[in-house]
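Listed after this line are the structures, all set down as structure tokens.
Paired with chain B in one complex and with chain C in the other, chain A is shared by the two complexes that follow.
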Partner chain A sequence: MTVVSEIAKIMKQAFIHMIRMISLLFAVSVISFALVSASPVDPVQQYIMGIGAVSEEQRSEIEAYWGVDKPSVERYFNWLSALLHGDFGTSLLYRRPVIEIISERFKNSLALMMCAWVFSGIIGFSLGCIMGMNRDKWQDKIISKLCYLLSSVPTFWLGLVFLMVFAVMLGWFPVGFSTPIGMRSSEVTIWQRLYHLVLPSFTLSLMSFSSIALHTRQKMIDVMNSEYILFARARGEGRWVLFWRHGFRNTVLPAVTLQFASFAELFGGSVLAENVFSYPGLGSAVSAAGLNSDVPLLLGITLFSTLFVCVGNMIANLLYGMIDPKIREVGR
Partner chain B sequence: MKDTPVLEICDLSVAFKMYDSVFGQRDLQVISDLSIKVYGGEILAIAGSSGSGKSLLASAILGILPENAIVTGDMRYNGQKLTPELQEKLRGTEMALVPQSIAYLDPLMKIGVQTDGHKKPYPKEKRRHIFRRLGLSKSTEKLYPFQLSGGMARRVLVSTALIANAWLIVADEPTPGMSLEQALEAMALFREMADDGKAVILITHDIDLAFAFADRIAVFYAGTTVENASALDFRTKPDALRHPYSKALWRALPQNGFEPIAGVQPYAGNLPQGCLFAPRCSCKSPKCEQEAPPMRELRGGEVRCFYAT
Partner chain C sequence: MNLAGHKKSFHKKGFNQRTKAVILSVILAILMLVIYAFGFLISEKAVGTDVLNAKRPPSWAHPFGTDNLGRDLLMRTLKGLSVSMTVGFVASCISAVIAVLIGIAAAMGSKLMDGIINWVIDLMMGIPHTVFIILISFSLGRGLKGLLVGIAATHWTSLARLIRGEVLQLRGQHYIAVSRRLGKSSGWILGHHLLPHLAPQFMVGLILMFPHAILHEASISFLGYGLPPEQPAIGIILAESMRYLSSGMWWMAVFPGLLLVLIVLLIDRLGENLRTVIDPYSAQE
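This part shows the complex of A and B:
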């Protein structure tokens, strides 16, 4: 097996995933466009609200200029061809190109989501291991109850509680935003950004760690009850050796894959967390776009978040093929 | 043959604590008053049908039973009492388990690293030497368990016992799912180990193979041994055997008439009061149904029956 053909195989898989992703993006664009067209959202009204009173004639001129008076199928293809040329349109709310807003907001969101993602992955996996290795003992009972509790608590509520306790009552963390208020963005240090990131990312990670913890717990229990663990014990392996040689190895792969596949939940959670903490990310932008009938921004973010979730799932798939010897070696 | 058996088990009983919603906690007896002896240089086959608790015996010897197991009775290793501490010390060094299938290997670990075990320094050279002797090519060490053929898997599993240099080898059902050639090859490996002076316990329901390769046979029924006999007795005729179950087992073999006996083996949880075989025995008496017969010596073997001659 040469390295070249190994790479060729991965490339081929990546190519198949790309095709899937493009067709999915296309489907999402059709459905979301159809939904927006069918909804009472009126972008022209929204635009007019921004510039003051207009007459009926002026209004129909704007409609004709924008092409809103055309049938929706035609409008869709106009939008699609603009998209393919890299033009996502202009946000009605911010009066700036959609692509600019997305890239700016996404940087903030990415920092938040990645912090929460890494944090929840590490905490969730470790707690899952502790529960699985101590099945039905007090450690397991306490942590699993906590996991059930956290997975049934809504994000925004938990965010509000944290805000009240840590920001308002204790004053340890800022109440909101990603930078200190009244400061130029060029003056903001990385530490100040991180400081503003702590509470929202902590809230977001608390929401998602329980699923990975409970999954790892079950996987660890399965591994510890397996025949190969029995044989390893017969060969004199102690508890720690069992964990490092077999338990960790056999539970970490599914956990990593699951974590990559959880990008959708992560994005969904970030919408709520960003709103509670007034954090200027993609999540707060999407709710603002929705509430203010900012159709170009709404559709842009919808497509972008689809891409984001898809990439996560694709990484999960590719990763599984690369790490699991059963999938990897059989392909040879 | 040495005077002290490598392993001597006297009246071993294993029960599990069970939690029942109706009766609360109760004990489920799976092995009762089992006695066996195995000397260096011999293969003792423990033969019995499925569901008789044979695999649990292997776990009991190695001390790897689940936590809710209650073990009573006396086990001695080279004359020394086999305590949980001693079992822990001997596991992976002097006592080795040869498991039944590939499922006993970690699916994500390459064969080489896995057979080397966890003890440092890793016995890499020794393992390569043993692999060569067993006819496993050097590239085997780079494979994952699922890539092994049945015969290779068997030899890899056996190699773990050879690498550990164990003196007591417990092989748990090593032949099911193998072709006749593979099974014969596996048996030859165990024979070789015994000929090196090691003590081999072969737990199996493949009675034919046990008869052909073992030195002595312990007949296992419903969690206990009903007869300890020389394998020679099984190879001749049923009259050489002592216990009615052993005779029934002999007659049930295809080459000996293929005759089954009525009834089923009682499972743990509803064992009969007296002799465990009494419900299916053709020569039982009222005494058999009330009192469990003790193990007694008879014609160079041992039998658990009041009436055996």
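This part shows the complex of A and C:
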């Protein structure tokens, strides 16, 4: 098979995934708009509460401007067309365009999520390899017990405990936020940002590393039970050589794929972690938006988080198709 | 394995794997019921405010300490746990029923139906669950109803996929084909062949969903959705404890969380044991 046709196939797959992603995003926009419209909370009342007392005339003016009196289908299409022109509306809570808030806060969230993602990937994969290579020995038993235990522990509680021990009692880390309090954002150094990231990202990474560790363990056991390992052993390859030549190479890509497919849990976890550590990211914004009935921001972040998850799933699917020759054969 | 060795290990342990699992399940279930009933029966007075005894660290009178309003935290936590368990149980039951119905519909229906259902499952997995529950809760005006619907609506996907796979596999079996040739209707086959076969999967799926649902309930209440703030729910207690962390009231966060972890571990254990009992595949292990 030539390189050109290989690339063409990947492009075709990417195109199919693109179409699927757009259809999913469209559906999410319909569902979330319907859910928000069904809410008993009156957005006009919320808006007025934010700006102070208004007369009856002003109120009806606002209603007319927002189109509250129009049927919800019409309102949906108005919203959608504004959305496609890049206008996500104005946040009631922050009094600024939603798109601005999302892009600003996503940078913070992305830093947090990527740190946790890389960290949980490396730790989880290494622990999975240790367990898989030492199946049923004490290392395996201890680590897998730990993994099962961690999946029963609510992450936000663990975050609270870390905050208490390491920030309040020992004073090693700051209590919250992404930058030191009372400093202009231009003065904050990258080290200060990283310093504020340590606890939240560690908490967030604890949430997802057990699944990757257990998955890698299973994969490693499968590889170690295979016939080519038996043959390699018969040739006299040592444990390290076995691990490096066969175990590592066969397990690392599935693990990376799984990591990409876990963006939804990552984002969900970041909502909790950001609330515990008062971290100014998308997660703390979405819960604040829901509590304060900030509809435009809530809708905007819902769509954006779906896009984020879909991109992760798409990368996972593409990676999966590229690395697994068995799936490649079927697709041909 | 030879028979003699098997016999020996059998005698050494006293019980076989399955009997042990049954005994353990019964003990765990009784323990859970006691905790649940205890939380349920605690009077309003026991969790009432007592400003004179506010912010007390753990002592014999108050093993978990008291909160900022002087409420006994052990009583509050137990009461909150019974609320969480109710919400988790109801939500996972609804979710498991949805999963079975959708799984069967996907596998038995047309190819188009299967495609649509798979797309819906992809959709559900595309929105982060926490965000989706926030949306649903917002839509239903917060409170218990939003919490229940939100958790029930987000937890069915993986079990539905499992059931779909199972039904697809069953459909190819010879005895189903024979049954069809003998003129039995689809409904008869569903009732007599498929559902009995799916019952263990359903039970196991339901039990394994239960701890997840409880954890989700706690985290959503923690964010301020779900139950109203005067309700004693674990998530609400933990959210309140955040305000007093820097003043050194460590017991407000540590003990309620520990008890929650303990309950989740208990349910998890119960689920694993019941799986050994119910699941025909692991019965012989």
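The rule we apply is simple: the second predicted complex is superposed on the first by the 317 of 332 C-alpha atoms of A that agree within 3 Å, B and C clash if a C-alpha of one lies under 4 Å from a C-alpha of the other, contacts with A are read in each partner's own complex, and residues count from 1 in each chain.
Just so we're on the same page, a residue touches a chain if its C-beta (ideal position, glycine included) is under 8 Å from a C-beta of that chain, and two chains touch if they have at least 3 such contacts.
Predicted model only: the values in this text are computed from it and were never measured.
Student: Under the stated touch criterion, which partner chain does A:Glu6 make contact with: chain B (first), chain C (second), both, or neither?
Tutor: Neither partner.
Student: Would you mind checking which one, chain B or chain C, touches more residues on chain A?
Tutor: C
Student: Of the partners chain B and chain C, which touch A:Leu149 in the superposed model: first, second, both, neither?
Tutor: The answer is second: A:Leu149 touches chain C but not chain B.
Student: Is A:Leu272 contacted by the first partner chain B, the second partner chain C, both or neither?
Tutor: A:Leu272 sits against chain C, while chain B stays out of touch.
Student: Check the residue A:Asp87 against both partner chains and state whether it touches chain B (first), chain C (second), both, or neither.
Tutor: Neither partner.
Student: Tell me which partner A:Glu104 touches in the superposition: chain B (first), chain C (second), both or neither.
Tutor: neither
Student: Counting only touches as set out at the top, which of chain B and chain C does A:Glu63 meet: first, second, both, neither?
Tutor: neither
Student: Contact residues on chain A for chain B in the complex?
Tutor: 226-228, 230-237, 241, 245-246, 249-250, 253, 324-326, 329
Student: Which positions of chain A touch chain C when the two form their complex?
Tutor: 20, 23-24, 27-28, 31-32, 35-36, 38-41, 148-149, 152-157, 160-161, 163-164, 168-169, 175, 264-265, 267-269, 271-272, 275-276, 283, 286-287, 290-291, 293, 298, 301-302, 305-306, 309-310, 313
Student: For the complex, which residues does chain C have touching chain A?
Tutor: On the chain C side, the touching residues are 119, 122-123, 125-132, 134-141, 211, 215, 218-219, 222-225, 238, 241-242, 245-246, 248, 250, 253-254, 257, 260-261, 264-265, 268.
Student: In the complex of these two chains, what residues of chain B are touching chain A?
Tutor: 59, 62, 64, 88, 91-93, 96-97, 99, 101, 103-109, 117-119, 144, 146-147, 160, 164
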